[in-house]
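One structure coming up, written as C-alpha cells, with questions to follow.
Residue numbering begins at 1 within each chain, and the chains themselves are lettered A, B, C and D in the order written.
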Amino acid sequence: MKNAHTLRLHDLSVTFKGFEGTARVVDHASLTVNAGELVGVVGETGCGKSVLMRAVLDLLPARTTRIDGAVEFDGADLRRLSRRARRAVILAQFNMVFQDPVGSLNPFFTIGQQVREVLAQANRRLGRHEGGAALDQRARALLARVQLDDPDRVLRAYPFQLSGGMNQRVSIALALSTEPWLIVADEPTTALDVTVQAEILTLFSRLVREEERSALLITHSMGVVRTTADRVLVMYAGVVVEEAPAADLFAAPRHPYTVGLLDCVPRLTGQEMAKGIPGTLPNYTAAPSGCRFHPRCPHAMPICVQERPPDFTVGAGHRVACWLYDGTR
Amino acid sequence: MAVSALPVAEAEARSTSLRADWRRTWYRFRHNPTAVIGLIITVLVILIALLAPVISPFPASAGNFVDFSHMLTPPSWPHVLGTDNAGRDMLTRILFGYRISLALVVVVLLIGVPLGVFIGLVAGYYGGWVEAVLMRFTDIFLSVPALVMAMAITSVLTPNLLNAMIAVSALWWTWHARLVHGITVSLKQEDYVDAARLMGASSLHIMVREILPNAMSAILVKITLDAGFVILIGAGLSYLGLGVQPPQADLGTMVAAGTQDLPSGWWETVFPGLAISLAVLGFNLLGDGLRDLFDVDV
Amino acid sequence: MNYGSFLTRRTGQAILVLLGLSVLMFVLARIVPGDPGRLALGPTATASQVKGLDHDFGLDQPIWVQYAKYLGNATHGDFGQALLTRRSVERDMQDSFPATLELVLASTILVVGIGVPLGVLAALNRDGPIDAATRLLALVGVAVPDFLLGIALQLIFGYWLGVLPISGQLDPNLQFSTSFTGMVLPDALLQRNWPVLGSAFTHLILPAIALSAAGLSQVVRLLRASMIEVLRREHVRAMELRGVSRMRIAFKYALKPALIPALTVVGLTFASLFGEAFLIEAVFSWPGIAAYGLRAMQEKDLNAIVGVVLVVGLMFSLANLAMDLLRGYLDPRIRLKGAA
Amino acid sequence: MTNLDQLLSSVVAGDLSRRDFMVRAAALGVGAVALSQMANALDAHAERATSGLNTLTLNAVQVFGNIDPAIGNDYTQQMAQINFYDSLLGATAGAGVKPLLTDHFSASPDAKVFTFVLKKGIKFHSGTELTADDVVYSMQRALTIASTPSAVWQGVLKPAGVKALDRYTVRFSLEQAFAPFPNTLPGLYILDMNLVSSHHKSGKYGANGDYGTAFLANNEAGSGPYTLESDVEGSELKMKKFPGYFRGCHANSIDEVRVLIVTADATVISLAKTGVLDMTSQFQGIPAYTTLKNLGFKLFTAPTETVFYLKMNMALAPTDDIHVRRAIALAFDYNTTRDKLLPGAPVNGPLAPIFKDAYNSSLPAIQQNLAAAKAELAKSKYAGKGAIPLTFSYVTGSSFEAQIGLLFNSVMSSIGFKVTLNPLPWNRITEIAAKSSTTPNVTEVFYGVTYPSPDAMFFVQYDSKSAGTWASMEWFNDPQVDSMIAQSRVTVDTAKRNALYKQIQARIVSLQPDVFVLAQLFQQAVRPSVTGLQYIPAAQYQFYNLSKS
C-alpha cells in the first residue's frame, strides 16, 4: 500500500463558548482511520459529526472553540504541533468534500480560475514549476478523473451555471488535486437531487478505492454508509455511541439509538413507514446527565441517568456505549 | 377554527419569544462595552443639556453679557476653556450649546420619523402605483447629499434654527420611509399578516398592530444613529452660516465664529468641536450597540 | 431580465429622479418671497430697471413656462445667468467644477486605497490590535465633524508645524492654466510642470484627508463586516483547505464577493463627498463648485443654487448608477443571468 | 532718470556686466559705502527685474467676474475699470472731481445742460483717437443696458440727450435739473466705440445687437494707464502699463500689476513671507495686519467717506419715537467699538469729514452718556411699561458685526430694552428693507458713495423718494430735508450747494435717524517700497498713482 498512514482521534472533545453558556458538542470521541479504509460517521443533523471533522481539519474558529484530546497522525499528536506545522500536515495529507457543492465554490470566479489556483498552490508546495498550458492540461485531466465530459466548458463556467452534481464532481476533483491520503466527505450528497446522489456516491467510493485513499464519510443517512463504508461510527449528541464493521452494524445493531436510526430508513420492500425515534436532540448547554440518549431511550435504566456508559466490546471491532451491554450486570 | 386560533397562538409565541429576546438582549448589552459607554455618554449629554443653567460656571455668558476687555482669554482659571471674542465663558456656552443640538434632534425626529414610518408603511403595504409614486418621490430627496439638500432649503427660506429644523425634517422622513418600506414588504408575506387579513382586520390595523411592532427595533436603532447624524448636519449648517444664528449658544456656530480667530484663539474652535464629537460619538456607540443587540440592518 | 434591460431600467430611474429633483429645486427657488432683480441691481436702481431685469430673466412669466424653458435650456447645459456674478451659471460651474472633482477623486482614492486594505486586514485580524486600531479610526471618522478635522489639520500642519499649505489649490505665486482634464494635478503631470505638480499635491493633502475621513471609516466598517461574513463562507474554508494562503484568499477570492456589496457604499461615499465638499471647501478656501454653491446659497443666487444642486444630484445619480452597473458587471450572477 | 538709474537699468537689461558697473559707478564718483549699499540695491533690483518689469503684486478677496463698465462696479470690477479706462472727470481725494479727459466743461444755470470739451490726441489702447463719439456711445450704451452703474442717470438722462457737437465736444441735456451731474461722471468709463462695435453680436439691443456685452465681459476697450494682459478667472488678473498713455508715466511707475484672488489671511501672510506680495486688499483681518507689520510691511490707513450707521426704522415702534432713538444713540458704546472692534474715525453726523468742503464741523461730537440716555428714554411714550422690545439686524458671517450686535444687546438691555439679535445674509437684508413693516428697528449698515458728491450720501439715504432700499432703512421722511436736497440738485454754484449740504446734515442730526458710529478706516498693508498711496472715494486702486522702488 502506497500510503500506509493512520489517523487516530483519542478522547476528542469540542466545546463552544456562547452567550448562553458553554456547549460540549463533541464529547470524548475516539476514532481510527487506517490506510485504505472508508469509514462512515452517521448521526442526525446536529449530532456533532461535522464539528468532529472540522476539529480534525482545523477549520473551527479558534476564538470560541476549545478542543481537548488528541488527534494522532501516525502516532504524532497534531494538536501539539504549531499551527503552521499542523496546517502543513493537514494540507499534505487531508482534504475535504463539502456538503454544499455551490457554496463551497466561489461564485465570483470560474471553475477554471479556482481549479488552476488550487493546482498552482499544490505545484508550489511540491516545488513543481509549470507554465499555464501545463496547468490547463492538468486541470482538464483532473476534471476528466471525476468523469466530467466537457472539461473545457466546465472550466469556463461559473459555479451557478453548472448543475449541483457537476459542481460536486468539481469539488471532488479539487479535493483530489492535493493528492491527499484522507478525504473527508461531509454529507456530499445531501444537497443533490436524489437521482444524482447515487452517481456521486459511486464515483466517490470508486475513486477512493481505485486510488487507494482513505476516506471519512459523514452522513445522516444509514442508506449511504451501508453501500459504501467499511466501518461505521454512530454518533448521538456529540458522543460516539456505536462502532462496527458496516456489515455487522446493519446485521446486528446494538445501541437503541442505532436501532432507531435504522428504523428511520424507509424500506422499499416493507409496507410500514419508519417508526422513528420520539423526541429531539438535547440542548448542548444543558446536556442530559449520564448517557446523553437516556431521555429518548425506550430502555433507559436508573444508571443511564447517573453515569456515562463506557464502550463495551460486543464483537470483533464492534463496540457500543450502552449500559445494556454491561457484562458485569 | 384553525384559522381563528392561529393569530392568538402566534401572538403568544411572539410575546414569549419577545420576553426571552429582551433577557438575552440585556445580557448582551451588559457585555457590550461600547454600547455601555455609548449609553453613559448619551445620558451625560442629555443631563448636561437639561441642567446647563445649574451647572454652568458663568450662566450670564449664555445671555446678554459681553466683556470685550476679556475677549479671547486662553484656557485658565476661572475660564477653564477660555473665553470667546466677546469675552464670554466658553465652557458655559458649550454646556448651553447641547440644548440646541438636542432640540434640533428632538424636533427633527418628532417630525421626520412618524412621517417617514407612515409613508414607508403605506408604500410597502399597498404596493403598486402607491408604492411607485411614494418611493420615487423619496428617491428624489435622496438624490442629493442630505447636507446639500438641507443647505439649499434653508438658504432659500431664511437661515435660522427654525428653518434648519424644517429643512432637516423635510429630508429625514425619507430614510425612515425607506427602512420601514423594506421591512413592510418583507413582513406582509408572513403568515400571521395573512391570517389577520383573512380574519377581516382592517389595513390600518394590520399596519399598526401587526407590521409596525416588528419594525420597532429597527426604527429604534435608526433613531439612535440618526441623533448623531442630525447633530452633525445641524453643526455643518451652522458652521456654514446657514443654520442656527448667534447669539444663541450653538456648537456649530461657535466653531464657525472661532475660525476667525485662528490660530491664536484655537480654543474657541476646538472645544465646541470636540463637544459635538462627544455627543455624536455617544449616539453612534449606543446605536451600534443596539444594532448588534437587535441584530437589525438599518 | 438580462443585463441590458437591467441597465436600461436603472438609467431610466436615474433620469426620472433627476427630473423630479429639477422640479423640486425649481419650485423651491421660485416660490420664495423676495426680489432677485432688486437684489442684483442694488439700492440705487429704479423700478423700471428692476422690471427690465425681471423681464430679461423671464421672472415675469408663469412658473410652468419658466420651468419648461429652464428644463429645455438645462438639457444643453444652460442653467441661466447667475444674478450676482452676471455670468452664465454654466460657465461659473465649468470653472469651478474641476477643482471639486479633483478633491473628490483624491479623497475617493484615499477612501478606497486605504479603506479596502484596512477593512480586509481588520477582518483577518479580528479582535486583534489592527482591528482595534481600525475600529478606533472608524469611530473618529464618524464622530468628528469633517470641518473640525479640517480645522484641526490646519492648526497642526499649517499653523503650528508649518509644513503644509492650508488654503487654496495652488501656490498663488505659480501660474498655471489647466489644459486637458481641467484639474490641476493631472494637467501638471501631463504638462510635466513639476513645481506646479508639487504645489498642487501639497495643497491637496490636508483637504483630501479631511474630506475622506468620514467615507473612509464607513468603507472600513462595511468592508470589515462584509469580509468577516465572506470569510465565514464555505468556499473560503474549502480554498484554505486546498492550500491557498489566507492572505491570497482574503485579497483575491474573498475580496471580490466582499467588495461587491461594498461598491454601493463606495458609490454613495463618492457621491456624498460632493456634499461634504461644501464644508471642506469652506474650511480650505478650495476654489470648487461647492464653494461657489455655498456663496450662491449665502447670497440666495437662485439660478446658481439650482444649477449647483442639479450638478451635485447628477454626480450623485451617476456615481450610484455607475456603481450599480459595475456591480452588475462584476457579479457574474447578475451579468450572466440578470438577477439583480 | 538719474545717471544711477540708467546704470542700474543697463545692468538689468544685460548691457553691462556687474564688474563693469562697479567700475563705472566708481567713475561717477560714488563713495565706497554708497557703493556697497548700491550693490545690495542692485541685487534687489535684479531680482525683481528677472522679467525686466517693475511688478506690483496685490491680492483681492473676490473674483473679477464681468468687467464690462456698463454691467457692474463693485470692488474688483471697479479696480479693473479704473485702470483700463478713463472718464471725463476724475475723482479727488477730497471727494470732489477734477478734469481728466476734458480740458474744461460748462453747466447751464438751470443745471440741465452740461457741455464738455475733450483733450485732443488721446489714444485708446487700439491706437484710435478718443473723440466725442466715443463718449456718446459709452453713455448711450450704459443707459440702454440699464444695469447698476447707470442707476444714477436713469430718469435724469435719456440716450437722445447725449450729443456730440463736434469731434471734441459733448453735450448732455438732462430731463431734469441735476447740479451734481459732473460728480457722477467719474463713473462713466469711455469705451473705444470702433473696437466694441466690431464685436457686436446678435442680441437684444436692436441695431446694436448685444452692444458688445459678450466681448467686454472679459476684455477691455479703454484708453487708461493699463491694459489687460491676462485674466485667469478665479485666480489671477494681470495688467500691463499702456505705453501710449496720455498722461505719460513717472519714475518707478508700475509696469505690471498682478492681482491674485486670495481671501484667506493665512495665504496672504505666506505670500508676503515669500516676498511675492507687495500690497494686500483692504479686507484682511486685524491679526493679519499685525503679522504683516512684523514682516516689515507698513500699514496704510486713511479715513474714508463710508460711514458705519445703525439705521433706526422711524416708521416702526418703538424707534418711531425720537426719544427712543436719541436714547439709543446716547447709550451706544462708541469707544469700545472703535478701540476693540472696528477701527474708524469719529463722526458727528451722516457725512464723513473727508468731504472737506461740505462737512459741517459745527455739529457737536457724539459720546456715550448712559445717564442722559436713561433720561431721554424716560421721556418717550414707551417708557414705564417694562422692557421695550427692539429688533437688531446685521450681516451674517462678519465677526465684528456680530460683536457690535452683542455689544449693542448688552448695553441696551441695561437701560431698559429687550433686544432680539437677528443676523441675516446680506440679500435677506435687501429684501426686508423693501417694506417699513419688515425693516428691523435697528440695522448695521455701511454706506459709501458711488460718485464723489455728498448728494450720493443724502439722496439715496434720506430723500423720501429713495425709500425701500437697504441704504434707506431709516424710512426717513422729512419734507424739509427733501426740499433741501431738491434745491441742492438745482444749485450749480458749488459754494452755495455746500452750504445747503451743511444745513441738511444739521437737520438730519436733529432727527437722529441713525446712530452715527464712525467713518470707516481704509487699511492696507504695503511694502515700504510702494509709495503714492492715497484714498480717493469711489476711485480706489488707481495703480497709475503708485510707485515702487
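Convention: contacts are C-beta pairs under 8 Å (C-beta built on N, C-alpha and C of every residue); 3 or more make two chains touch, one makes a residue touch a chain.
Since we're looking at a predicted model, the values are computed, not measured.
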Which of C-D and B-D has more C-beta contact pairs: C-D
Greatest separation from subunit C - chain, by CA centre: A
Inter-chain centre distance, subunit A versus subunit D - centres from mean C-alpha coordinates, in Å: 91
Separation of subunit B from subunit D, taking each centre as the mean of its C-alpha atoms, in whole Å: 49
Centre distance in Å when subunit C and subunit D are each reduced to the mean of their C-alpha atoms: 40
Whole-Å gap between the CA centroids of subunit B and subunit C: 24
Residues within subunit A bordering two or more other chains: none
Shared-contact residues (touching 2 or more other chains) in subunit D: 396-397, 425, 428
Shared interface positions of subunit B, touching two or more other chains: 155, 241
Residue numbers on subunit B that touch subunit D, as the complex places them: 64-66, 68-69, 71, 85-86, 155, 158-159, 241, 245-247, 257, 260-261, 264
Subunit A - residues contacting subunit C, complex: 57, 59, 63, 90-91, 94-96, 98-100, 103-109, 114, 117-118, 121-122, 125, 158, 160-161, 171, 174-175, 177-178
Subunit B contact footprint on subunit C (complex, rising order): 13, 16-18, 20-21, 24-25, 28-29, 32, 139, 142-145, 147-148, 151-152, 154-155, 158-160, 271-272, 274-276, 278-279, 282-283, 293-294, 297-298, 300, 302, 305, 309, 312-313, 316-317
Residue ranges of subunit D in contact with subunit B within the complex: 285, 287, 336, 340-341, 396-397, 399, 402-403, 405-407, 409-410, 413, 419, 421-425, 428
Residue ranges of subunit D in contact with subunit C within the complex: 59, 63, 65-66, 71-72, 146-148, 151-152, 154-155, 204, 217, 232-236, 260-264, 266-267, 270-271, 274, 276, 396-397, 425-428, 430-431, 433-434, 450, 460, 466, 469-472
